[in-house]
Amino acid sequence: MADELLRVENLNKAYGDQPVLHDINFEVNTGEVLVLLGPSGSGKSTLIRCLNGLEPYQSGDIYFKGDHVTPSSKNWQKLRQKIGMVFQSYDLFPNLKIMDNITLGPIKVQKQAKNVAEKEALALLDSVDLADYAQKYPRELSGGQKQRIAIVRALALHPEFMLFDEVTASLDPEMVRGVLEIMLDLAKQKMTMIVVTHEMNFAHQIANQVLFLEEGRILESTPGAQFFTDPKTDRAKEFLQSMDF
Amino acid sequence: MADELLRVENLNKAYGDQPVLHDINFEVNTGEVLVLLGPSGSGKSTLIRCLNGLEPYQSGDIYFKGDHVTPSSKNWQKLRQKIGMVFQSYDLFPNLKIMDNITLGPIKVQKQAKNVAEKEALALLDSVDLADYAQKYPRELSGGQKQRIAIVRALALHPEFMLFDEVTASLDPEMVRGVLEIMLDLAKQKMTMIVVTHEMNFAHQIANQVLFLEEGRILESTPGAQFFTDPKTDRAKEFLQSMDF
Amino acid sequence: MSWSVIVQSLPMFQKGFILTLQMSALGILGAIILGLVCSLSQYFKVPVLKRIVGIYIELSRNTPLLIQLFFIYYGLPGLGLKFSAYVCGIIGLVFLGGSYMAEGFTGGFDGIAKSQIESGLALGLSTAQLTRYVIFPQGFALSVPALAANIIFLIKETSIFTVIAIPELTNTALDLIGMYYKTNEYLLVLIIGYAIILIPLSILLTWLERRIRYGAFGH
Amino acid sequence: QTTQAASNNSSVKAIQKRGTIKIAVFQDLPPYGWVNKKGKLRGYDLALARQIAKDLGVKTKFVQVNANNRVDALKANKVDIVLANFTVTPERKQEVSFADPYMKVSVGVISKKSKPITKASQLKGKDLIVTKGTTAENYFTKQSDITLQKYDSKTQQFNALKNGRASALADDNSYLYAWVKNNPKYTVGIKSIGPKQYIAPAVKKGNKSLLNWTNKEISKLSKKGFFKDSYNAELKPYFGSEVKASDIIVESK
Amino acid sequence: MAHSGINIIFEGANFARLMGGLWVTIRVALISIAIGGVLGILLGVLRTFHNRLLRFVLRLYLEFFRIIPTVALLFLFYYILPKDMHLNLPAEEVAVIVFTLWMAAEASDIVRGALESVPQHQIESGLAIGLSRNQLYRFVLVPQSIKLMMPALINLVTRIIKTTSLLLMISVLDVINVGQQIIEANQQQYPQGAFWIYGAIFFLYFIICYPFSLLAKRLQRNK
């Protein structure tokens, strides 16, 4: 039976007066990949940021492994170690070397021993073909390499699930593939993921389930295989058409 | 017989010590669309900027309608009225209303009467479905709208050919289509164009001819129909593969 | 222009020069510390302190050092608060410089990309850890240009110490002019004195600015 | 001589043609040159200044100076004449031309009555307040072992003394007498130190025309008893009983 | 008790006199800011030109006024110019010259910075529609950079106003000088006069400068 990892109930969020998310309800099971699609401004980033406590929400509940999450900065700080997140702008810390970027969390937050953390970091770097770059600074890497490191940095904390927000959107077209392949790999290893992307072919390959958002509402929630061939709503059909030229 | 509009001979360009373009040779006939492809950093933008006099070049010759272009700022200022150019970042002037953005060139540079220029501007705005926005400021428009205006602004000077440098690269995915459709329209009206793009489907549809660049060299020059199905070089094949996920 | 007048005055100017350097150094150090404290209390929105700091910054930035010094030196003793001229000078410089430095730091902290802070949070860093590893190193690098400009500004402001009889460079020059009337010579030495401090310093600071920026951001 | 006269725009002719005389005065030194509560310029120097203008038949324009810019005010043509308690010294004679003196003075030292300083030797190792560019500063600069605090203006120096920033203050004894009368906690512990000196009007070096005129004016006024009257009106009310008119006024030669 | 001394401010004509002094202060500041501002914009535009000599000369001018403390500048202009150049100006006008030149120097740098921070692609799209250099400055660069330079210019204005406190040093009868006269004239009746008068002047400066500082902040936020 499917094992529920995350459940969101009646989530509402507004920026000031402007409501951005309306009554969001969904769940993600362990090992599943949920893809969020929707036009620009529909609230995908906002939703994903609420799941990580980066945005406060006005009402609604989030359950992590069946436990209700009480939104407080202390609670979120603990939870975030179990949630890996990667953003659009490859946000490595420019003042730290690659190795230190990766081990900062394990050493300072999880109090791992330095040599243990570094050994594991090296193994992870190796898995994305970047072991040679451990002692470099982010500025010495290309965008695609930085984004791969950002994924490694999140993985180093052994998260129980991962959030990806348009991680290839600011990459050169030729760099995109390498990053997407890592995500496909993770999916094969049954990492639970919530993914926002505009790469439709990739979304098609990776999605177990698609949530289609518009204006802060879930218009449909459809299994991946079906969504790309036969979406339930006309709006989604139109969206898919506009995306492929 | 084909009617040559632009010919480039042995163009060489370096930024300081670093050579960026090597012995570039090609020509564009009236009514033809030339698409420049190539990996990031291969020199596509630099080449297109040389054609508009925005970058000085070290050696080589540019012929416009058979006349040799003497590179001087005076000459270029005149020529630029015949060459429309649209950039990646939708570069409307934020301090001017849409109407003034469009008529600035016709009125100040080409000394057209204000009412004539504005009448034509309105007609052009209408053709891209943006007539209602004449009295707004650029900040009130979406990216896609701004980019359509930027094309209109260039067209208002009645250019003899157009240069497009990745004009959809910073647009939201859903906005891309509208801009590309305008370009397809222009191609149908036999506007001569040189286009840099990463949208392969679009490139396929619009290109009469493809120049494939790598490291500042033309690796191949192939008719559009052939390039996307059977490029001459392996490098181009590889490039096409990496572009489609 | 008489060279012998200049040469004879040099020992006097040397004393003033050293005093200017010493007081500048102390005042600037104090201003940087005060500025950092103020800026952090605003950045982290520390309840009451933030308010007080806000008032202090406005008072300090919108009044001239000269009148600040007059008030501290001649006015405060009326309330029974008396400090020596040197202490008053340093207090004045720290009072004035603290707000400038605070705004310099705040500019740096505000300049940190929001996404940097969020990725720090996403890694589970606590506020203290975030400050230590992300906010501080990057914010400091970003604020260096403003801090450098403030340092130059504060050194120049020490010339106003003359009004509370501190024998720094400007005071020395005005004093010598009053006694021996060699205005051209003494003003020339005065200007050269400031140039000796400020030109190398401004070159040094520009160099430092680039290095720190490169260390933190790589460009 | 005509060319010199032409370039001398502080000559008597030039002043009379212009219709105003620019006079450097103190404005913070009661009772010599100061601004009273109503904002009017008053004092012994001011009375002389107004008389000079009157006798020249011109209006006055007063320029405020501090002790240390009296010479430059003349040199830079900011003023035609300085009437700002300007003590005649050999150094100053090199820079400006002094007319005949109209006041006697020497350096005095005031201190707290409770801790009076009556001998220069008591100042050793202590702080002493002076104003930049005064004869007192000049005199004590030559003494070692005394730390001088040098202020820009009279207001500042007296304020500093009252705030207890030094053990004593040295300046021309003439205004120390006046100041002590208003500030009875203090005393002129050293009434006179260093050489006896004179206060005189000063004009720019080489301005013979105005210098000669001023000399004649001083001697004329002196004969008329102008300085005596002026003493009674401007100074006497501010001095204590220890000062007599003959301590201050220079008898005409 | 000290607070009993507050009456010194309102005694007789004292308050009116302080205001008179303040007006001198403001007058010098306003004239310098106006002339210096216009001059600064011109010089700032010139500094973006590629002429090396021009850039060097203007840079030198800026650095001169940057490095030398204003007190020294005032003395320099007050004493040396008239003596050596036979220019005889009253103190207030000398002050106006110094502050104007200083304002122009600092403003030119702000203007240059703002002009240069108009994004390169704005310049290029101006060129691409065939604008000449003059047209580029007139229609694109200057209008866009005005917004960018406003906060810094306003901060400079407050600095000029604050620095007018140095007028005292060259015997201009500004608000501080008048204040000292009042302290002196009332010293017997109000022994704590210094506290109240300097305190009052402190707040007068604050009242003048604070609105500018608010304005600068608001403009900065709106950016």
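Going in written order, the chains are labelled A, B, C, D and E, and every chain counts its residues from 1.
As a convention for this text, a residue touches a chain if its C-beta (ideal position, glycine included) is under 8 Å from a C-beta of that chain, and two chains touch if they have at least 3 such contacts.
These numbers were taken from a predicted model, which means no experiment stands behind them.
With every chain reduced to the mean of its CA atoms, the largest distance from subunit A is reached by D.
The pair of chains sharing the greatest count of C-beta contacts is C-E. Computed from the mean C-alpha positions, the centre of subunit C lies at a distance of 39 Å from the centre of subunit D. Between the CA-based centres of subunit A and subunit B the separation comes to 36 Å, rounded to the whole angstrom. Centroids of subunit A and subunit E (each the mean of its C-alpha atoms) stand 53 Å apart.
Among the residues of subunit E, those in touch with two or more other chains are 79, 83, 169, 191, 194.
The set of subunit C residues that touch two or more partner chains comprises 74, 162-163, 174, 177, 183. None of the residues of subunit A touches two or more other chains.
Judged by the touch criterion defined above, the protein chains form a pattern that is neither an open path, a ring nor a star, and not fully connected either.
Every pair of chains meeting the contact definition is listed here: A-B, A-C, B-E, C-D, C-E, D-E.
Residues of subunit D touching subunit E in their complex: 27-28, 30, 34-39, 63-66, 69, 72, 75-78, 152-156, 158-159, 162, 182-183. If you check the complex, the residues on subunit B that touch subunit A are 39-40, 172-177, 180, 198-199, 201-202, 239, 242-245. Residues 49, 52-54, 73, 76-78, 80-81, 83-85, 87, 89, 91, 93-96, 104-105, 108-110, 137-140, 150, 153-154, 157 of subunit A are the ones touching subunit C in the complex. Contact residues of subunit E toward subunit B in the complex are 119, 121-122, 124-132, 135, 139-140, 143-144. Subunit E meets subunit C in the complex at residues 2, 5, 66-72, 75-76, 79-80, 83-84, 158, 162-166, 168-169, 176, 191-192, 194-196, 198-199, 201-202, 205-206, 209-210, 213.
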